[in-house]
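Please go over the structures that come below.
The two complexes that follow have chain A in common; it is paired with chain B in the first and with chain C in the second.
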Partner chain A sequence: MGLSRREFLKTTAALTAAALAGIDLPLKGEDLAQAAEVDGWFRGTCRFCGVGCRVELGVKNGRPVAIRGVPQSRTNMGYLCMKGMLFYQLMRHPDRLKRPLYRARKTDQFREISWEEALDIAAEKFAQALKTYGPASVAYYGSGQALTEETYLFQKVMRAGLRTNNVEGNPRLCMASAVGGYITSFGADEPIGSYADIEQAFCFFIIGSNMAEAHPVLFRRVMRRKLDNPDKVFVINADPRVSPTSRIADIHLQFEPGTDLALLNAMAYVILEEKLYNEDFIKNYCAFRLGKQKKRVSFEEYKKFIAVYTPERAADICKGNITPEIIRLVARKFATSPATMSFWTMGINQRIRGVWANNLIHNLHLLTGQLCRPGADSFSLTGQPNACGGVREGGGLCHILPGHRPVKVDKLRHQVEDLWGVPRGRIPAKPGYHTMAMFSAVNQGKIKAIWINCTSPAQSLPNADKYRKGLAREDVFVVVTDIFPTKTTELANLVLPTAFHFEKTGVYGCTERRSQLTVKAVDPPGEAKPEVWIVREWALKLADKLKDPVVKKCVEPFLGLEEGYALPKAIWDEYTQKLTAGRDNDLRGAPYEVLKKLPDGVQWPAPTKEWALRGGTYKKFVRGLDPLADIHAVDERPYQFYGPAHKDRKLWIWLRPHKGPAEEPDAEYPFYLSTGRVIDHWHTSSMTGRIKELMRANPYAYVEINPKDAKRLGIGPGDMVLVETRRGRNILPAKVYEGPMEKMVFVYWHDMAEERMINRVTKDAFDPGSKEPEFKICACKIRRLSGPKPLKPYIVRL
Partner chain B sequence: MQIRPILTILLVIFCLVSCQAWHGQHKRLPSGQSLLAHPELSEQEKLIPCASCHKEVTPEIYAQWYKSRHGLDNVKCFQCHGTYENFQVEPSVGRCASCHAKEVRHSPRDKKCWACHPAHKFSVHR
Partner chain C sequence: MCVFKKGRGKGPGLLQEANMPIGGFVIHVWPAKKPQVLKELAREERLSVYAHDDKGHVVVVIETETSEEMAHLVRSLSLIEGIFTINLAYLYGEDEVEKIESGAYKPQTVFGKAFR
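== the complex of A and B ==
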C-alpha cells in the first residue's frame, strides 16, 4: 500500500485526534518524569526577556534535565514560553566555550591558554593602554543579561579602579529612551506600577510593542484579561505592522513608521477638546515644561501648543488606517476607561526622538490621571532580564552610578567614592562614551582596550559593518566574555568562557522593579568561570601592573570568597546595603536570605526586611503602598512624587513637537525598513539558535512584505529578495502577508548569516537625549532576485 | 462493550502499517516515544515550521489550536509534541507540567489533561 506524505499526515492526524478525544490511557512512568526523575529542583529566573518568569531547574546527577514554571510567582504564575522551557539544554551544549582562547592578532587562529595567562594578558593590555593613552582609552561594554553583581563589580573596577566612566551596555540600544522618559516625566526611573495592574485594567494601549512575541508570558496575562472580560476590557494596538499582538486588539492603529509623535499629540488634543482631562490630578500633581531649559509653562500655553495637532492633521501625517474618527475614539477610550494601562517597547524607544515619544505616552496618563490607581499605569516593557536591575540600577551606563545616581552630580559621585572607600576624585566627573560614541571611538582608535561581556555588538549594533571595522583593528585589544562563539568573538583577541545561568549565583531585576535570585544549581562546563571571579582576579593583576592600590581596594572586600555563592552574595550585600541605602531603589531589605524566602523576589523600594518579606512595593509614590512615599511625604495628599530628578515634586507634562525619522523613504529608497524579534529567538540567536526546536521554528530571517507590494513587484512567498539601504544589502527569503503596511518591509534581526544579518543595513542615527539608535526605521529598496532557494541556518562556531 | 480498547488497537495497527508503507521499513524509536512517528523528512524540510504543513493537512486541528489560548499566546506545536528527535504524537503530561505544574500535581493520576480539556482547544472541561 502506498501513501502520499499528505495522505499519511492526514491519517496520522485523524488517528491522533481519535486517540486524544476518547482513549484514556493509564499514566506511564515518563508522564511524570519532570516530577519524579530529578534529584532536586532549584529556583531561579528565566534567562531571557524582561518579564522575569520564575522557573525551577530540575537536576539529576549534577546535570540539568528539566525545567518548570513556579506557580506561586506573581510574574508568570507558572507559565513559560518556549525559550523558558528549553534553555536548560544550553548548559551541556557541545559548543560551550570551556577554556580561555587567545590570539595576538585577529587574523591568527585562537589557541587555548590557562586562566593565569589569560588574566595576565587582559591585565597587561588594559594597563598598557591606560599608562600610554590614559583612562579614556579603556572601556567596558556590558549587558542587560549580566547579573547585577557582575555589572556592579565591572563598573566599580572601571570607574574607581581604572578612572574611567567608559562603562556602557546594550540597554543603551533598547531602554535608554524609556529611562529618559521616566526621569523627565516622573522624576524617577522605572515604572510606577506593576504587572498586577493588568488584572485591574480596563483599557490597554499597546504601542510600538509586539508583546505577544517579545514578552509572551506577560502578554498572556493581558490576553486573559481581555478574553475573560471581552465587553469590559478594550485593547488598542498601535503599530505600523499587524503582529500576533494585534489578535487580541479591538482596534489596530496602523500608521506610517515615525509618525507616532503626531498620533500621541492628537490623542492629547482630543482629551483637551472634549474636556476628558482630570483637572484635579493636573492641578495637584503636574507641571507643564518646554524645551531644553525645562521652562515651566502654563496649562493655557500647553493648550495652544497642542491646538495644531488636530486629529485631521495627524491623520494626514500618520496615513495608514488612521482617521480623525479613530483618533477620537481611542482617545476617548483611553481617557474614560476606569483604568488604562499603556505598554511599549522598542517601537517607541528606538527612535531619534524616543524620549519625546515616551514623554507623550506619559502625557496622556498625566492629563487623564490614569496613574497611581489600580490598573492605571504608564508601563515600559523592558527587553532584557536585567536591564533594569543590573544596568539601570547597578550603574551600567556611562552617565549613571549605582542607585540611580547621575555621574555629573558631585555630591552623589563623592557619596559613591566614600562608600567604596576610594579617594574623592577617583571617579571622573564627566560621563564616559555612550554606546554609539564608544564604538565610534573604537573605529577611530581612541579606545585601545575594550571588554565586551555577555553581548554581541558585532551583530546587534545598527550599521554594524561600520563598527565591525573598528573592532577588527589590530591596535584595539578586544576581550569577550561569553558562553558561546558569536559574531563578536570572531573579532576578539581574548575569549573567556563564562558560567551560564544556574551555573552561578546572582540577581536579575525585571521590568516591574522586582529583584529575583537565581542560585547556582550545576557546575559550569570545563574551565568556565563566573564573571565575578574573572573581574576580581583581573583587578588584582591590574593593581600589580599599575602599582595602584586603589584598584585592589575595589575588590578587597571580596578576596578569598568562594565564587559560586559567597562572592556574589558579598557583592550584592555591598551594593544593596551601602549603595541603595536612601535611594529610590532602596533594596536594603532584600539580602539573599530574604530573596530566597520568597517565590518571586522583592519589588523596590524595600528599605526593611519586614517590608521586603511582604514582597516590597507594588506601586511607587502612593502613601500606604510605598514606604518611601510616607517617609518623604510633605503634605496629606495620597501621592508623593519624591523622584530625585524633580525638585518641584511634580510630574511633568511636556510640550514635544512631532518629529519624523532620521531617514524617510524617497524616490531611490521608497520603502520603510523596520526590524524586530520573533518569539522563538533571543537577540542574536547565539543561544536560541543552538536549540533545535527553536532554530527549526524560525531558522532564518525573512523579509515580510505586504501582499499588495509583493504583487506589484512580482514577489512570491519564499522568493529571494534584495533589501538594500544606503549602508548595504541583505538577501532574504520573502514572507508575503498582511503584517507590515504598504510601502514598508519588516526583517527579523536574530539571523547571524552575513547575507541575512539585517543590522548591517540599519541606520545608526540616535536620539540626542537618550543616545538610543533608531533601529526601527530607515529607507530601503527591494527587488526580487530569484525564486525560492534552499537556505541553511547559520551559527558561528569555533 | 469495551469498544475503546479495540478501536485503539485497530488504529495503532493501521498506523504502523501506514508507517511501514511510507518508510519502507519500520523504525525503532527510543523508549518513551510514541509509536506514531512523524513521516521522515529531509533536514531541509525539518526547517519548515510545523504549522506551515499542518495548516494544510490537518486544518481542523490547526484551527482549534489557532483559536485557542495556546494559539493566541503562540504556544507552538513543538512545545507539547517535541521536535523530530523527540517527537510524540501524544505528549507526556510532563510536558504540560512545564507551565501547568500545579494543575498536573492536582489532577487525577489516571487521566491525562486532555481527557477533560479538549486537545488543541484546551478551552474548558468537557
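== the complex of A and C ==
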C-alpha cells in the first residue's frame, strides 16, 4: 500500500537525515518513487555565511517549496543550519523591492519609475559628477554577498570605464586584516589548507571566533572530530567572552579584550624556551622580518625580541583567567600535537592591529611547522559567502585588481588593461579610497555619486551616525541595489530592485578557495533584475552620456546575452579564462560546465579542466597536491612557496610588539564594549529580520552583562540599560549572563532600531595596514535606567 | 549501533494533511548523555525519533503548524543538556510558501515603519 502524502514527506525527511548520519532506516524506500513532491531540484550555495554549504532548492510550479543539503558536498556533507533552513521564505516575501524607486531629494517620498528612466538617471548623475568633479568623485561600494560576476563587472566598469579605483566592499570591515596577514606572512592571500584538514587535526586553536554561532555547520565538523577522538583531540578556545563555542573546549582562555598580541607572543616565548620549534621547517622555509621596511633579521634577533613576552608578563597584561601555567600548557599542546589547526574571525581581524594579530597566529604555525601537512593549517574563517571569491579574488577592493593584482604594480595593471582591450593608462595607478576613507570623502562632499550594492553601510559602519550624515547630504547622489529596504535605502535617491539568490546565476567562492555555482531556479518578483543586467545597461547609457567608447568596451563582450544564465556565464568565462590565467587563483579549469559537474565546485588553483574535475587543490604550495607548486618549483623541496608578494619565496615570521586597543576603559568609561553575531541573524538583519521565526528567537539586541557587574550596578535581567560611549548612547535590555568577563559588555549588531543600533556608538579607528575598523573594542559606561519594558522589534520598510 | 525507534508523539501521518512544514534533522549529542537526551526528546509531541547511534547521532522528524513553531522548537531543543548542535537535512514547506504568496501568512508582522 502506498504512503499518504504526509507519510511520504516524513519518510523522505527521515531517510535524508539518516543518510547524512550514516544510519540505515528500515523504511520502505521504494515508496519514495511514487510521488515527486517537487518538479525539480536546483543546486546552489547557501548565502548566509562563508562556509559555502551546498544546498538544493526544490521548485514546484515555479515557486520554491523545499530545501535539502547536498550530501556529497565536502563543505557541509548535507547539513544545514537555521539561517540556511529558512532563506526560501525571502523569495516570496511581501516586502521585496519589486520596482525601481526614485526621489530627487532625500526628504521626498519615493515614486516608482521604469527601468529605462532609472538607468538613465543613474547614468546622468554619475556622468555629471565625473565631468564636473573628475573620476575621484564617483564610487562603488559592494559586498561579500554579491556574486563574483557582479563584483567583477561593477569594478571593470568603474576602473576602466569611469577611470576610478574607488571600488570597495564590506569585506573591508570583516576580513581585510586576514588578507593583510596572509600576504605579509605567506606572500599570498587565502588559506593554504582546507576544511578537510579538520578531520586530520589533533589540536584546534580557536581564537576570536564564536564558530558555533557564526559558522555552525563547520563547527559541527570540529565537534565531530573531538567527540570521535575525545582523548586524542584537544580544543583550545581563546576569547574574552564565553560563548557556545566554549562548550567543547578543553581549555577556555578568557583574556581582556585587546590583549591577544601579548598572549600570542607569550605562546611563541614558550615554544622557543622549551625548544618546541621545528628547526628544519624554519631553516628551509622561513625568514624573520621587522617593521615597515620589512627588514630581514636573524632567528637570534627574534629570540631577543620575544624574550620580554614571558608568560608571567603576558598573564599580567591579559588578566581574566590567564596564568603563566595556562599559557605554557596551550603552547605545548599547540606545538607538540601531531597536527594543529587554528581558526579565527572578527575577534582577531577587527582590531587596530588586526594584521599583526593575524601574523602572530601564523608565527606559531611557522615556528612549529604546523603547516602544509594534513590537519595542520592557519585558517581564517570568512564571514560572507563571497568575500573571498568575489571581492578578494575578483577585484572588489580599492587596491586590488582581479586575480590578486595590486593596483600600484604597473606591469600587472597594464596586464589587466590589455586583457580588457582598453588603452593603457585607463586604470589609475593610485588605489582609490578604502572604505573608511570613502565614507569620509562622502562626508566631505568629495564623492558626488556612490553606488551601494547588496550591503547596508548606514548600519554596518562603525560610528555610523557620523557617516549617515554624509550619505544624507543632498549633493551626494546615492544609488542602492538590494532586495529589501534597509537603513541605507532610507538615505538613497535611487533604489533598484535586484534578483535574490536562486533567482539568478553566478558563483560564490567560499573560505577554502572553493568556487561553487548557483543556478537560477525561479524568476525574481516584479521587475527585479540581476545586477549583471543592471550594470551592463547602465554602462551603455554612461557611454552615450560621456561619449566615451571605452565605457561601452567594458560591456561589449556581453551585449545581447540573456541575463539569467548566458550573461553571467560570459562574464565568468572572461574573468576565469583571461584574468586568472597564470595567477595564483588560476580558475581556467573551472567554467560553468565543470562547476555543474561537481557537487561542491572547485578549489583553486585549478589551471586545467582535468585538475578541476578532481576538485582542484586541497592544499596550496605542496608538490604533488598543488599543480602550481610543481610549475613554480625551484628545487626538490616538497613545499614551494610561490606567493606573488614574497620574492624570496619564504614564509615570514614577524616581530610584532603587543599593542592594545585604540580606546581602553578609563575612569569615565570603565567597561569594554564588544559586538558580534547571534546564530539567528545575518549582518544587518535586513533579510533574517523578515523571517518571523528568526526574529522571534532574537527580536531585539540586548546587552550581555557579567552577573558580578550586574549585581554591583543593581541591574537585573531585562532591565533597561544605558550603554554610552564617547560617540553616543544606546538603550538596551539587559541579559545577565556568564558570557562576557567582568568589566566587559557585549551587544549583537543586527538590530535596526535607532536606540539599539550598536554601530551608532562603536569606534571608527582602524588598522593602519588593513584599514579594517576596530569594531570589537571600545570603552563604554553602563547604567540601569529602569525595570523591564515591553519592546517592539523594528525593521525598515518603505 | 543503529536503533530504530518511532517517536512517542503523534507519529507518522497523524497530523492533518494541511499542517506544514516537515523537517528532517540530525541532532548531535554527547554520547554519554544520549539516554537523558532521548528521554527529553520523547516528551516532545511534535518530534519523532527515527534512529540513533553510538556516535551520538539522533535522527528526528519535526512537524509543526508553521516554520515559526519549528524554529522555536529547534531553538529550545538546542538548550537541552547534552545536545551540541541540531542540523537540518531536509525541509518541505510548500503550503507555507502558498500562504506567503496569497497573503495569508506574512513572515514578520510586528515591525514599525521606517523613519524618513
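Basically, the second predicted complex is superposed on the first by the 762 of 798 C-alpha atoms of A that agree within 3 Å, B and C clash if a C-alpha of one lies under 4 Å from a C-alpha of the other, contacts with A are read in each partner's own complex, and residues count from 1 in each chain.
FYI, contacts are C-beta pairs under 8 Å (C-beta built on N, C-alpha and C of every residue); 3 or more make two chains touch, one makes a residue touch a chain.
Given the structure is predicted, the values throughout are model-derived calculations rather than measurements.
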Ask   = Does chain B (first) or chain C (second) touch A:80, or do both, or does neither?
value = both
Request  = Determine, under the contact definition given at the top, whether A:247 touches first (chain B), second (chain C), both, or neither.
outcome  = both
Query = Who does A:64 touch here: chain B (first), chain C (second), both, or neither?
reply = second
Ask   = Now for A:94: first (chain B), second (chain C), both, or neither, which partner does it touch?
value = second
Query = Touching A:490, do we find chain B (first), chain C (second), both, or neither?
reply = second
Ask   = Of the two partner chains, chain B (first) and chain C (second), which one does A:213 touch, if any: first, second, both, or neither?
value = first
Ask   = Which holds for A:790: it touches chain B only (first), chain C only (second), both, or neither?
value = first
Inquiry  = If I apply the document's touch criterion, which positions on chain A are contacted by chain B in one structure and by chain C in the other?
reply    = 3, 5-6, 9-13, 15-26, 66-69, 78-82, 85, 212, 216, 219-220, 223-224, 227, 247-248, 680, 692-693, 696-697, 793
Inquiry  = Can you tell me which positions in chain A touch chain C when the two form their complex?
reply    = 3-7, 9-26, 37, 58, 60, 63-69, 78-82, 84-86, 88-89, 92-94, 107, 109, 212, 216-217, 219-220, 223-224, 227-228, 247-248, 485, 490, 680, 689-697, 753-754, 792-798
Query = Within the complex, which stretch of chain A touches chain B?
reply = 1-3, 5-6, 8-13, 15-28, 30-35, 66-71, 78-82, 85, 212-213, 216, 219-220, 223-224, 227, 244, 247-248, 679-680, 692-693, 696-699, 790-791, 793
Query = Taking the complex as given, what residues does chain B use to touch chain A?
reply = 4, 7-8, 11, 14-15, 17-18, 21-22, 32, 36, 38-39, 44, 46-47, 49-50, 53-54, 56-58, 60-61, 69, 72-76, 78-79, 82-83, 85, 89-90, 92-94, 97-102, 104-105, 109-112, 114-115, 118-120
Ask   = Which part of chain C faces chain A closely enough to touch in the complex?
value = 2, 4, 12-13, 15, 17, 19, 22-26, 28, 30-31, 48, 50-53, 55-57, 59-61, 63, 66-68, 70-72, 74-75, 84-85, 87-94, 96-98, 100-101, 103, 106-116
